[in-house]
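Below, each structure is written out as structure tokens.
After this come two complexes, each holding subunit A, first together with subunit B and then together with subunit C.
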Partner chain A sequence: MTAAVEFLTVSRHFGTVKAVDGVDLTIAEGSFFAMLGPSGSGKTTCLRLISGFEKPTGGTIRIFGEDVSNTPPHLRNVNTVFQDYALFPHLNVRDNVAYGLMVKGMGRTARHAKAEEMLALVKLDGYGDRKPAQLSGGQRQRVALARALVNEPRVLLLDEPLGALDLKLREAMQDELKALQKRLGLTFVFVTHDQHEALSMADRLAVFNEGRIAQIGTPQDIYDRPATRFVADFVGSSNVLPPELTRALGGPTQWASLRPEATQLAATGPVQGTVTALRYLGSGTRVVIDAGGTEIAALVPAGQPVPAEGATTAFAFDPAALHLMEGS
Partner chain B sequence: MRSEASWGLKLAALGGLLFLHLPILLIFLYAFTTEERSYAFPPPGYTTEWFAVAWNRQDIWPPLWLSLRVAAIATVMAMILGTLAAAAMARASFFGRDQVSLLILLPIALPGVITGMSLRSAFGIMDIPFSTWTIVLGHATFCIVIVYNNAIARMRRLSGGIMEASADLGANSFQTFRHVLLPNLGSALLAGGMLAFALSFDEVIVTTFTAGQQSTLPIWMLNELVRPRQRPVTNVVAIVVFAATFVPILIAYYLTRGGSETAGMGK
Partner chain C sequence: MTAPAILPARGLADRLTGTFWRRPGLLLVLLITPPLLWLGVVYLGSLAALLLQSFYSIDEFSGVVKEEFTLKTYAELFRAQNLDIIIRTIVMAMAVTLACAVLAFPIAYYAARHAKGAWKAAFYLGVMLPLWSSYLVKVYAWKLILAKEGILGWAAEGTGTGFIIDGILSIPGLEGSSLSTSPFGTFLVFVYIWLPYMILPMQAALERVPNSMLEASADLGATRGQTFRTVILPLALPGVIAGSIFTFSLTLGDYIIPQIVGDSSRFIGLTVYQLQGTAGNTPLAAAFAVVPILIMLVYLSLAKRAGAFNAL
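Then we have the complex of A and B:
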């Protein structure tokens, strides 16, 4: 099977700034792929390299096997849902959605029918006559989605599409986007700085750091086996152990990660610490222990005794759960 | 809480407004006077005959026609060049951008006498005979600035994303210009064009340096005022000039007042 999108050692340098630096990437057809990273990590530049708004300064980009490194945006069969939606303020919702069909020369009746179909798909039937200024943020987002999908792109790019929405709406849209992607069988490439969003929505994700991919894999790979200390820190929720602590716990002198679920409290152990915070989660209690400057979180299942704040405790874990990683 | 202004301040404000606008009313009044040699107040009698006289005076039509032609050509030139300049300044960033921006704005800050003198000597050096085009060139220098200012203000307000969105959806540069940029700039360009037209139509200073023997309407009026015969005809023409410049400015004001509102839908 041909990959939907392929990067072969792609770079995009702006003068001395290496926004994207030697990235290799394969995005399978029909997958929901997330690009995750802090701002300035190169994820958005990668998206713009796929849409064609940036040209690579090195390497090759292929979309469905075709080299598009020098193809301008309007000739690529990919469409983008922009971060600020970028709806046309002078057109009503129907004409916004029909825009792509209009510039291809489709007649008014046909393109309006198609636009209404798309509006129904994103549950905005009956909104065709409104102007974008009369819509809420969530509705604008759906119009942007319909406008991109009407062109039947083979790859849909989404640039932090949920960033501007409030929490409740964002969660609803996450489910909806995921359902839509399954239903249409399209390849979605999704840029976000929100690790929870990336982990919960993507089939595969790439974690970006300083213009390079730090790790690429399934959400489970990234979460359970972060390749580098950066990934473990950025994805969060795992305990990051510096080399000395790993050795003190019986491992090699190397950075390691340890999931809170795999960490239990114990009466005795090689490393002891002070309980600094307790958080009740319903299914258990998250206990944070200060072990000589490093914070270690442990999950105590419901029904088991929880130490008081300030108490001294040791901890234990299944050695198989200790995951070694690179320090950078 | 709104505070009430004192009577003194109110009177001063009223006085100021009257001082500014009463002379204009007097101009209108004297278009209807029966006395043709001097502006005696109050006018000895009232008549509308000067409108008929003005209509039949053959020497009014060539200057009027010249003024309209010059204003129209200068406006079209300004709209094309001003829009292009604004597009370049809004989109690109290059070395010396701020300096170029200042150079574009300079003609409107420069006294008309300086612009006029420099153009006249340039035409002299290059052996260019005075014609409609020399007047047009003089007017275009400040008309471009008007259009440029209107266009760049609107472009800065437009989200840059909509141009990318248009390209992303398959539009080439021309389609993006036609379907996205133009409809969003439309009212700003129209307003700029109207202001430019009004400014050009009643311009005197630069025109005196670049017209040679030709008379535009304002210059014709200036010459006419020193002659003692049929004076009210000049006032009739003044009403025409007033209408030709005031109405476009009023329209321009209403077009740009709303801010985000844009007129017209592109197709």
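Then we have the complex of A and C:
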């Protein structure tokens, strides 16, 4: 099977700034792929390289096996949901959605029928006559989605599409997007800086840092076995152990990560610390221990005794859960 | 001792801000009354007085204004000689507006979408600089430029392109001994003088079109030409209309340029000036002054019906 999108050592340099630097990437057809990273890490530039708004300064980009490095955006069978939605303010919702068909020369009746079909798909039937300014943020987002899908793209790009929505709406849209992707069987490429969003939605994800991919894999890979300290830090919630601490705990002198779920409190152990914070989560209590300057979080399941703040405690863990990382 | 919940008012200023805070309507009324009075009494009031004047008439023997309501003065507008003036003015205003729009668009587009930093500053300076110098000096300068012995004629002779000027001057309606005495010269000077008023609103409108909108259009399969027609132009249209209101109404009302450059044929502005001053026929002057107002109202309602303000 050919990959939907393929990057072969792709670079995009702006003068001395290496926005994207030697990225290799394969996105399988029909998958939900997330690009995760802090702002300025190159994830959005990668998306723009796929859509054609940026040209690579090095390397090759293939979409379904075809080299598109010199293909302008309007000739790529790829559509984008923009971060600010970029709906045309002078057109009503129906004409916004039908825009892609209009520029292809489809007749008015046919394209309006197709637009209504798309609006129904995103549950906005009956909104065709409104102007974008009359819609809420969530509704605009759906219009942008319908507009991008009307051309039946083979790859749909989403640039932080949920960033402007409030938490509740964002969670609802996450589920809907995922369901839509499954139903249509399309390849979705999703850019986000929200690790929870990426982990919960993506089949595979790439973590970007300074123009390069720090790690690429399934959400489980990334969460359980972060390849570098950066990934562990950015994806969060894992304990990051400096080399000395790893050694004190019986491992090699190397950075390591340890999930809080795999960490238990113990009466004795090689490393002791002071309890600095307690957070009750319902299913358990998250206990933060200061072990010589490094904060270690442990999850105490409900029903087990929880130490008081300021108490001294040691901790234990399943040695298999200690994950060693590259780099210093 | 605990601190009091309410701090004591320190003098008049505190009490005043307190009053305004409790009654925000009072502050609004105080702030908006003076400009509203200016707009209502001085501005619209004088316009109403003008309208009123246009319904009076002049006694043909004594030359005294009869303060009686009549439509006689308006009927005078339809005399062949007066109708000529109105049509000539409208044609000139339309030509000037069209030429300004065509010239201004690429300039405004470049300034809004491509110019950055120093280039942008240079653009603003270039557009605004002519506005800082005297209008009369510029018009007289153009008279010299366009004169038979002027720099344009000299350059045309030197490059052997004099036939172009001769060709323009032989077009019926544009005849003259040189460009400075031809209606075409009047047109050129109008376009030069009013161009900044077209560029600035256009540039402001184009600047407000976000880049992502153009990218969205290309993303959906539109070529550059299609994006221009279906996205950029409709979004820039309110700016074009605003600019054309300036160029159109300024041309309708100007009475200096046609006196200095051209074949001395009369335009509305010049006619109003002469009727008001030498002829003392205030009612007819007022009736003439109403014509541009009516034209602008018709123009704006047509523009609105054509959807020019849909993007607002």
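As a working rule, the second predicted complex is superposed on the first by the 327 of 328 C-alpha atoms of A that agree within 3 Å, B and C clash if a C-alpha of one lies under 4 Å from a C-alpha of the other, contacts with A are read in each partner's own complex, and residues count from 1 in each chain.
One rule holds for everything that comes next: a residue touches a chain if its C-beta (ideal position, glycine included) is under 8 Å from a C-beta of that chain, and two chains touch if they have at least 3 such contacts.
Source: prediction; values computed, not measured.
**Student:** After the match on subunit A, would you call subunit B and subunit C a fit or a clash?
**Tutor:** Subunit B and subunit C clash in the superposed model.
**Student:** Examine A:Ala86 and indicate which partner it touches, taking first as subunit B and second as subunit C; both and neither are also allowed.
**Tutor:** both
**Student:** Regarding the shared-chain residue A:Gly236, is it in contact with subunit B (first), subunit C (second), both, or neither?
**Tutor:** After superposition on chain A, A:Gly236 lies in contact with neither partner.
**Student:** Which subunit A residues lie in the overlap of the subunit B contact set and the subunit C contact set?
**Tutor:** 51, 53, 72-75, 79-80, 82-84, 86-90, 99-100, 102-104, 147-148, 151
**Student:** Using the touch rule from the top, collect the residues of subunit B that touch subunit A in their complex.
**Tutor:** For this pair, the touching residues of subunit B are 159, 161-162, 164-172, 175, 179-180, 183-184, 260, 262, 264-266.
**Student:** Report the residues of subunit C in contact with subunit A in the complex, numbered from low to high.
**Tutor:** Residue positions touching the partner: 210, 212-213, 215-223, 226, 230-231, 234-235, 307, 310-311.
**Student:** Would you mind writing out the residues of subunit A in touch with subunit C in their complex?
**Tutor:** 51-53, 72-75, 78-80, 82-84, 86-90, 99-100, 102-104, 147-148, 151
**Student:** Quick one: which bits of subunit A touch subunit B in the complex? Just the residue numbers, please.
**Tutor:** Touching subunit B from subunit A are residues 51, 53, 72-75, 79-80, 82-91, 95, 99-100, 102-104, 133, 147-148, 151.
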